[in-house]
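In the two complexes that follow, chain A is the common piece, with chain B as its partner first and chain C second.
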Partner chain A sequence: MTQDSPSSAAASAAPVRFSPRRVWTLAYATMTQLMRMKILPFLLVFCALVALIGVGGSSVVNPEQQLSSFKSMSLGVLQIFSIVFGIVATALLLPKDLEDRTLYTILSKPVPRFDYVLGKLLGVLMLIASGLVIIDAVLSLILWTQQSGLYDAYLFQLHQTKQDTPEAIAQVREIVARQGLTWNLHWAVWAIFLKASVVTTVALLLSCLASSTLFTIVITFCVTIIGHGEALIREFVFQPHLGSTTKRIATLVLAAICPDLAQFDIVDSVANGEIVPWAAVYDMTGIAALYMTVYLFITHLVFVEKEL
Partner chain B sequence: MSDTPAVSVNHLTKVFKGGLGKGAFRAVHDLSIEVKAGEVYGLIGPNGSGKSTTMKVILGLLKPTEGDTSIFGVPSTEVASRHSVGFLPENPYFYKHLTGRETLHFYGSLCGMRGEKLKSRASEMLALTGLEDAAARRVGGYSKGMLQRLGLAQALIHEPRLLVLDEPTAGVDPSGSRIIRDLIIEFRSRGITVLVTSHLLEQMQEVCDRVGIMARGRMVREGRLEDLIAVENQTEMVLENASPALLAKIHELVKSEGGDTRLLRSGHPRTTLERLFIEATNEAKKP
Partner chain C sequence: MKRKLQAAAVMLIFGGLKLPLEQHVTHDLRAMRLVDEPLHMGVEGNMGQMGLAATFGGLRGLIATIFQLRAHVEFTRVNWAEVDKYYGFVTQLQPRVARYWEEASWHMAYNAASYYLYNEELKPALRGKLFHDYVQRGNDILKEGLRLMPDNPRLWQKLGDLHWNRSKDYKASGDAYLQSFKHGGLNFTERFAAYAYAQSNDPESWKKGYAILKRLYDENKATPGLIEFLKLLEKNLHIAPDMRIPDPDPAKQAPKPPTGPQR
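So, the complex of A and B:
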């Protein structure tokens, strides 16, 4: 048991530094806490839904359209799922820890508040990432199965109508290869993760500012909606004839506060079979990292001063 | 023990800003306390007297409006001060999905403990708080008394020199409460300083060396418990197997003494209801 030794006295005065291990402990606890909130069954239901969409739409009309609409629908649902999960989970975490006084027992240990905030954020992001990896694997499998089936079925159709010329077959192969399983699908999932990460960081910041979960959820959704329309806002700001100076300044402030989420919108391009260049992936990743760093820094400034 | 006080509170004032249309609220006003290393100090007072606010400032969870606090000489505003302190909040909750042992591992990891040291320390704390049998059970199924004991175990996991306990026996049944008080006495014997708040005065009387009484954010009385509760002009004498004749003689002797000396009462001392409860429930547990 504890004694008043010189070594312990020296240890007590040693400053507490950032510890990745401590952050990992908090992140892992957060992830398991969220897993307990029955997220996994929800995820499985989602996967089953996507599988149903994939299987249900297997009649051959136009392979390009069919594969495109499958990707568009499933990636769209995935995007909504990851954003909603990120916002709601983050908005719930801090108030719950405060209500249960778990926050008191954690922060009365030698735990810097930044470590706590970062641990919570990483916990949510780890779970989103895990979910997306699972769904990405399921999507890939469905898409691969669907593209093979569609290719064979369409070839059979061409053969039946006596249109199976080498050119027609090559065209079908090219369409199916472009619209089928490619790296583009994974980049789209990566972009969805980046967007969800930025939105989750915004939710964390708002959660530190607000005392109400509902407020955090509503405002973060508003920020997300505004974030998708940044291009329109910029257009308004830089067009003097469109509004008064006051309105334009207010809009500029809004544009500065909200992240430009349209930067991560590559789902439509992927659904249309366009190639996502590496440069675009780097850009998206860099932009997301920048947004997250800035929002996390502000979150730290707010949370370190927060009275608990 | 060193001369550095375990807890030092200097002219602490804490004002909470009011919301829209509400004025500011002064929870603590110019409070000064010094808790010596190794003692059990009780901070008592009615609800809203500022006890919990004072504790939160000491733990760095709240910032003082004026004044300062320190733990073993390290300002509470520094995270490093938390190396020396373990905290049990009122009615603590833990992550329900973790078992008792996992909970202690979680808190130990936060303090930088790992490996065998953490495992053996967690086992030691589970044994100390009597939770060995429940160590593998999920915390969600723990009773209130078990949660309090787990709270004590997590507070002690990193071998702090100071324990801060906020209403440690609130809502706990008499047996659980007895265990917690025995643990506090045990901590003192091991050299751990304890700062405890409660409004269960009889329980505080049993464990505290010194007490401070707070009301409306101010310290209204402070000192050694014995000094504060002693009735200077009265003397208590408890006899065992005294015959009626002896008692009559004592009565006569007091009468014959004259002056201001008076025998105020005599009779059989009573056990406390709590002791009776514990005896009765323990008997029921026996096969």
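So, the complex of A and C:
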């Protein structure tokens, strides 16, 4: 009969503590794993497409329309890219780790399951953030180039038609300044990142519950769509005279489960020249952090008990 | 199993607690005009908006832009019904964007109306009718936009332009310019309101126009146009000679012949 030494018994009994360094290692490995899935070439193609839209949009009527259409189009595409990437990449991660047996290798070491889940989430978010930073830089460059070119062209046009009154010039300058490159564009990209982060966390939670990748992808897309209409569902809940009790309970459950993704929909307003105040940035960041913390905690509760 | 039950409980408790918080954040963002407020479009309209919001989520701007480009393609093909249809989609997707209402109205009241007015393949009576129909359509589009955004100076200004340039209803034009100025429009909208009133057939409007122009004159903001219209109103309103402005009539320039379709 063998007996454990006191030191080894103490070591096996001691709980493994959360380690940011370990989480970073896992996140970095996840990012590398996703990079190998040819994400960067896709990003480059996307940037080229955005550039083409920027150049090809010159058929429209005035500089305001052109700048606004360019922003609206590119930020919209960016939103699709980040959400689709967040959902699909997250849905693929756990099944791929199971298939490759990487999961068993990692979890057989003293790695808490929470560290693993957090590392995976951070890896996906880091890649989305890197992609958005690259595209934001490209967008800013194109917008800045377009803005100065359009201002000069429009002034020339006004001069030719003898409509270059000081008031008209001031109006054009104001329009181009509002619709051109401002900090608001970066806040719109930040809002896109926040929305993608929340959706990615939901995908991770569903991935821990689901038995297949397809299930995770489909259900997360459904949650994303409902999430965009959650404000309307919520307003129904707060109207006491509408609907039967059963309907109200069902609506309440739906509103409780889904995050309100419409809170991050400032892209349209930014494309139309609205200014984003700091208070809005705090509000959006705060609510996104809250969603992510709670959904990550729920993911931990589910994953810690999951039979692998 | 125990953990899964805990997870479900946390989800429901958090879900219940987050609703007032979400309501508060949404209210704040709406107050900052970053997130659209639900529009008062009647039951059918609101249901449409709900469907659009839920279906397209944050991509309404993108879809509206695509429809706008589609409308531009139809504009180059001079297919006015399609232009109107696509701008209908655009304004439904982005009802709070004044620019879309303005462009939709401009295409109808200026481009489509002029196209039919100068189309020599059509009989004169039909040309006139189509011209008036499309001007009216442009007018209706602006009014629909103003129903949703009654405090938008830009839409009021465009309505003033439309009445001045197309329907020649100078009283309505003056009223629209004045509304634009009252809602924060540029200074020239007030002056334009007075010019429009000066050209109307309504003595009450002349008085309003005179009051505006005389005040601007007294504030040393006179321009040749202002003096011309002020003198016209002095004659129309039979202002006593000693109350009239001392400036001579501005030199009249012979109007140049129009060089193309009226826009």
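Before moving on, here are some points about what is shown:
Here, the second predicted complex is superposed on the first by the 289 of 308 C-alpha atoms of A that agree within 3 Å, B and C clash if a C-alpha of one lies under 4 Å from a C-alpha of the other, contacts with A are read in each partner's own complex, and residues count from 1 in each chain.
The criterion applied here is as follows: a residue touches a chain if its C-beta (ideal position, glycine included) is under 8 Å from a C-beta of that chain, and two chains touch if they have at least 3 such contacts.
The structure displayed is predicted, hence computed values, not measured ones.
Of the two partner chains placed by the overlay, neither chain B nor chain C lies in contact with A:213.
In the superposition on chain A, A:109 contacts chain B only, with no contact to chain C.
Once chain A of one complex is fitted onto chain A of the other, the partner contacts of A:302 are limited to chain C, with no touch recorded for chain B.
In the superposition on chain A, no contact is made by A:147 with either chain B or chain C. When the two complexes are overlaid, the chain among chain B and chain C that reaches more residues of chain A is C. When the two complexes are overlaid on their common chain A, residue A:234 makes contact with chain C while staying clear of chain B. Shared interface residues of chain A, touching chain B in one complex and chain C in the other, are 305. Contact residues on chain B toward chain A in their complex (touch as defined above): 1-2, 16, 37, 56, 59-63, 71-74, 78-98, 106-107, 109-112, 114, 151, 154-155, 158-161, 164, 190-192.
Chain A makes touch with chain C in their complex at residues 57, 59-61, 64-65, 68-69, 72-73, 75-77, 79-80, 167, 171, 195, 224-232, 234-235, 237-238, 252-253, 255-257, 260-269, 271-272, 274, 276-277, 279-280, 283-284, 287, 290-291, 294, 297-298, 301-302, 304-305.
By the touch criterion given at the top, residues 1-4, 6-7, 10-12, 14-16, 18-19, 21-23, 25-26, 28-29, 32-36, 38, 50, 53-66, 68-69, 72, 76, 94, 97, 99, 103, 186-188 of chain C touch chain A in their complex. Remark: chain A residues 1-4, 8-9, 11-16, 19, 21-22, 25-26, 29, 32-33, 35-36, 100-102, 104-112, 305, 307-308 touch chain B in the complex.
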